[in-house]
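In what comes next, subunit A is part of two complexes: it sits with subunit B in the first one and with subunit C in the second one.
Up next, the complex of A and B:
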């Protein structure tokens, strides 16, 4: 008990609380600017944390990264500029809702379910870290191969139109993912001697182009017929979520659990978690036809899932010093500097510090409600701008965001090219989401396949040799065959009757 | 005065003013950009950012860290070498500069840079899973020699990456054919170590610092360090020479580099500030607590070290068929 009291005293120190509020505001600001990511916010904080007390240092990073992940959803919902590949899963739903004048419902859902996902992930982090970290350690390239394949299969489920069109989009993404030399053979592919292309197609500029610039181009071509996004009011922003929670409790729980588990795997993370959750939500929904057209159900599940994954990523980081994502990779360094060496013993030897860390986690997620509400209020003013002026502003945002990722003009060129591709795709009813999924997961699939093959000396059955891999493999194949099996059963029933 | 005298006079004043300005204004008069060729959050980024922070206090002007990633470091290193040599663009150079030109990725070599100082070095090592049968490096070597090729597989970096070369160099020094240990490419040492603990591969030849948390958690056993002396943080781990008698040594280092032909006064000021930053308490503590190796070499010595690695890595890559 005295340990817990000591931990509370550490966190509820005026200085720590002030650091949390300030870094929360900083995280919200950085996250809301397209192209600046939560990883960037964390990396920028590190030199400053060097001069802070251990708890203040960790608190600033936890708060800033959680806020940045949430606020990355704001430009997605308002302007169709997704901040991260994770929020790209549901950007179309959120943006359509804004256009239909239900922006406050969309943003409210993103905020509330981000908080719920974050809190759930934290509770799992507190209760089950050592066990989950042990399981995560059993994952090698064979298991990740199946997991990535399952993520890619999600493309078929998220595709709002026909399956062949979804496949076309997926292939566009996979082909773009082939460019560069960051592949298992380290052999440059499709670079045409260009140094910038050696680094491959950076997916954030591509994503900004495919979604946001394509939207601007459509406005140029179609003019006012597209309908302007309406400025959402912040009235009842939070209250409006109570019925949503009551309506989709199962979706919320499923998103929380999936997100935490996938987040705890060092080779997966929030991106895969959000996409799998969105696909699951659509697959099990009673109204799958509404997905991608401004439906809140997917936001609930995937929004909770990616924030739960962010907390889940701390599990292997704390227990074994293995980064669960790019943010925890930075955090591990800070933990070492502050003398909180990660390891199984951290829970016993430094109980008061670790408890303080958990309190910080919960507090940061709760702080997200008032700060997030203010951020939404400030951000929605942009939609008061007339559309004629708004469109050039969005273009400017797109260019700044693309530049920020590569720190060169190359990012802008990439963004412009993908903007045109995105425009042409949507004009031909080819969905964009599967292309993003292909771009993000394609390199992972290739890497895990090749490395597994090297390890197994080319024997394909090795993908079923290890128990977890075999389980995941059979599950993936069942997911693929489910429609066929269902049809066969229906036919037999008809034959009997 | 008529126009014929006014114009040249005016021109002369303008030219004088133009040339005089840099001499009058003390370097640095505006923010300095520090290019890191690797992503935000990695080890090089961490060293770059803390170094930038301390350098900023020494120079009295902001030092902005900019990540230029991609192409195994080619993009970022090119950006440093091709920047204007005015002292306002510097960067963190990594050992990959001694590899990329052998691979045929670029024409750029260390000779295209002005290496100001070397500020960190981490020796390579040999690590195995804690439940592996090998208690020392000699036993591992004997298994590799005696058993069929592929019994032991290694991971810890990309194909042809620095730890891959560390493995090849070690095998060559022991007279073992390089095909004996197939290399499984991974996204960095952490991914390789995780895969080893999960049973995917048998050894990881990365720096011991990268396996520190897993060594502490007794999941990973460190067998050797590819350095002249034992590492302060791992006093129980023998050097490779002690363990197997091999002379192979390799350390990854990080250096502060600038484009060639900087103005001498800027260079002088910058190198002095870098040395001060290196010796600062903040930097020394940061490196010790993060588990990074402290190593100082001033410009001349640093260039010689980089040149020596360039030659030895070139030889390994040619022998292994990785050079073009």
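Up next, the complex of A and C:
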């Protein structure tokens, strides 16, 4: 029997298939609950995988993590509670669409483009992983510094209204990221003597507060007048996406490619990928003014991008055994326990296992269509509940979700503070999304800057010494200067005419 | 209340100064130029630029306009009352949950919030009991989150 046939036989075993369906349902459930993450879904599965065959064990984790990343988008679109920082990039667009009675279109786009992104990332993983992994290894702290800075610059483009107000939000997030003693000299920064703050501000409670609790507070002051969003129907959910695919093929492809490339860099991951893709989508769009107000274009590009990044993260994990994010870190552990040693030799010594793994990847992403459809159908019943009953229950979920991150009331305190900040920000037309970006990327920026400066003995020009770093650096600076250059050209043209 | 560009800019600039002063207490790594103070100082620089930008933009576009607008809801005392009550209820939960236990504390919280949003008492009570039991089962039992047991009433999960 050929190697490929052997691999197929391994995967299409009734037991493996059943494990995949069950873990998929579990992943969807955990991912859709605000405060619980894809990483948590994966970690909770590990003890169960001890009792499984190798392929079933890996299949269960791969399926659960892929589903959890997608289902984080569902509460984002229905209740404005993004499940992951990656879905925070486009949560406002998705939620606005639901409020406008286009929830069907938003959820359909998130599902379909998640699947497309995941499948694209997997195909790249199958065909090109050794080459991409080789390039990814050339990235050092200098290159990551520029990449993070580029991610932060996305704040300028994702802000729907005034640019300086978007930057105010970014600054709020960056300042929050400074809190704690996780800094180069481990001095307590802005902790005001509070022991809990020494560990820093974790972004899940902050995110739940900024988006969800702020929304509850807003409902309390003016909600009675705005009316409830319509419950999206699941009829024609998938079919309605065909015209969207035909309308935005370029955006879809760009999201897939960006997501896979950024995902393949260890430590970059789905968050940066989604933000950069969303910013790129708005920058190159013909209708940038519609972004943030319920426009599907950003969902197409960023939704595909973050799932492609999840698949891309497996490239360094399988080729070198280097985890790209926390999920792959857990999986590498499981691979070792099951006798599959990640590294270049896995492709030669265990060819049938690695092929089976690839089939599992494809199958897990395809399984997302029926399971995701069922999850959306179940979740949309929430919107049939009147708002005056729903809002208190959302508050309870926010509190328990924030509590679950630290297992202490400190998470709830953080959530409450950020809820009030988020409410004040929105009252002043300061967008929320850039604050999340600052909070997530701030620590990475500091870490890569300081590491680089220790290596280069404090010479700032070292950021331009290496070819990839220089390229990224020049590109980042060009992105910043683009509006000025464009204005100068326009002025000259006006002067000539 | 919505702050105009000038007022928000002035506030941002003030924040930049405070951040700059607060960051000077941190020190660089021994033998290095940069350290714990680098990021906060860089952020204070960015904040100052944004503040000045907002002030200039405000001076150019808001001539004669008030520094801040009072939005419609802010004139209703009831709206302020609802916000204060919600924040107060969550704060009370934070203080009391260890003593009261998750079941009772969250029941009080959800029931009170429902009355606040205008639900009738009987349906509010039924829905809050159901919601608390479902959340307790899902988080406490299925996902093994150690919800506070409390000293008064604790369900086995």
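Throughout what follows, the second predicted complex is superposed on the first by the 490 of 497 C-alpha atoms of A that agree within 3 Å, B and C clash if a C-alpha of one lies under 4 Å from a C-alpha of the other, contacts with A are read in each partner's own complex, and residues count from 1 in each chain.
Operating definition for what follows: a residue touches a chain if its C-beta (ideal position, glycine included) is under 8 Å from a C-beta of that chain, and two chains touch if they have at least 3 such contacts.
In this text the structure is predicted, and so the values were computed from the model without any measurement.
After overlaying the two complexes on the shared chain, residue contacts for A:403 are found with subunit C alone; subunit B is out of touch.
Of the two partner chains placed by superposition, A:123 touches none, neither subunit B nor subunit C.
Touch criterion not met for A:378: it reaches neither subunit B nor subunit C. Contact with neither subunit B nor subunit C is seen for A:362 once the two complexes are overlaid on the shared chain.
When both complexes are overlaid on chain A, the residue A:320 reaches subunit B alone and has no touch with subunit C. Touch criterion not met for A:245: it reaches neither subunit B nor subunit C. When the two structures are aligned on the shared chain, A:266 is found in touch with subunit B, with no touch to subunit C.
Touch criterion met: A:47 reaches subunit B, while subunit C stays clear of it.
By the touch criterion stated above, A:395 is placed in contact with subunit C alone, subunit B being left untouched. Note: residues 184-186, 407, 450, 454 of subunit A belong to the subunit B contact set and to the subunit C contact set alike, using the contact criterion stated above.
Only residues 30, 33, 36, 44, 162, 164-165, 167-168, 171, 174-175, 178, 183-187, 189-190, 216-217, 219-222, 224, 387-389, 391-393, 395-397, 399-400, 403-404, 407, 409, 412-413, 416, 420, 423, 427-429, 442, 445-446, 449-450, 453-454, 458 of subunit A touch subunit C when the two sit together in their complex.
Put simply, subunit A touches subunit B in their complex at residues 39-40, 42-43, 46-47, 50, 137-142, 180-182, 184-186, 188, 195-196, 198-200, 202, 266-267, 319-323, 326-327, 329-330, 332-333, 336-337, 339, 341-345, 406-408, 447, 450-451, 454-455, 457, 466. Listed in rising order, the residues of subunit C touching subunit A in the complex are 1-3, 5, 8-9, 12, 15, 19, 22, 26-29, 32-36, 38-40, 43, 46-47, 50, 53-54, 57, 71-73, 79, 82-83, 86-87, 90-91, 93-94, 97-98, 106, 109-110, 113-114, 116-119, 123-124, 127-128, 131-132, 135, 138-139, 143, 145-147. Within the complex formed with subunit A, the residues of subunit B that make contact are 39-43, 45-46, 49-50, 52-53, 66-72, 74-75, 78-79, 103, 105-106, 150, 153, 155, 158-161, 182-187, 190-191, 193-195, 197-201, 212-214, 216-217, 219, 282, 285-286, 289-291.
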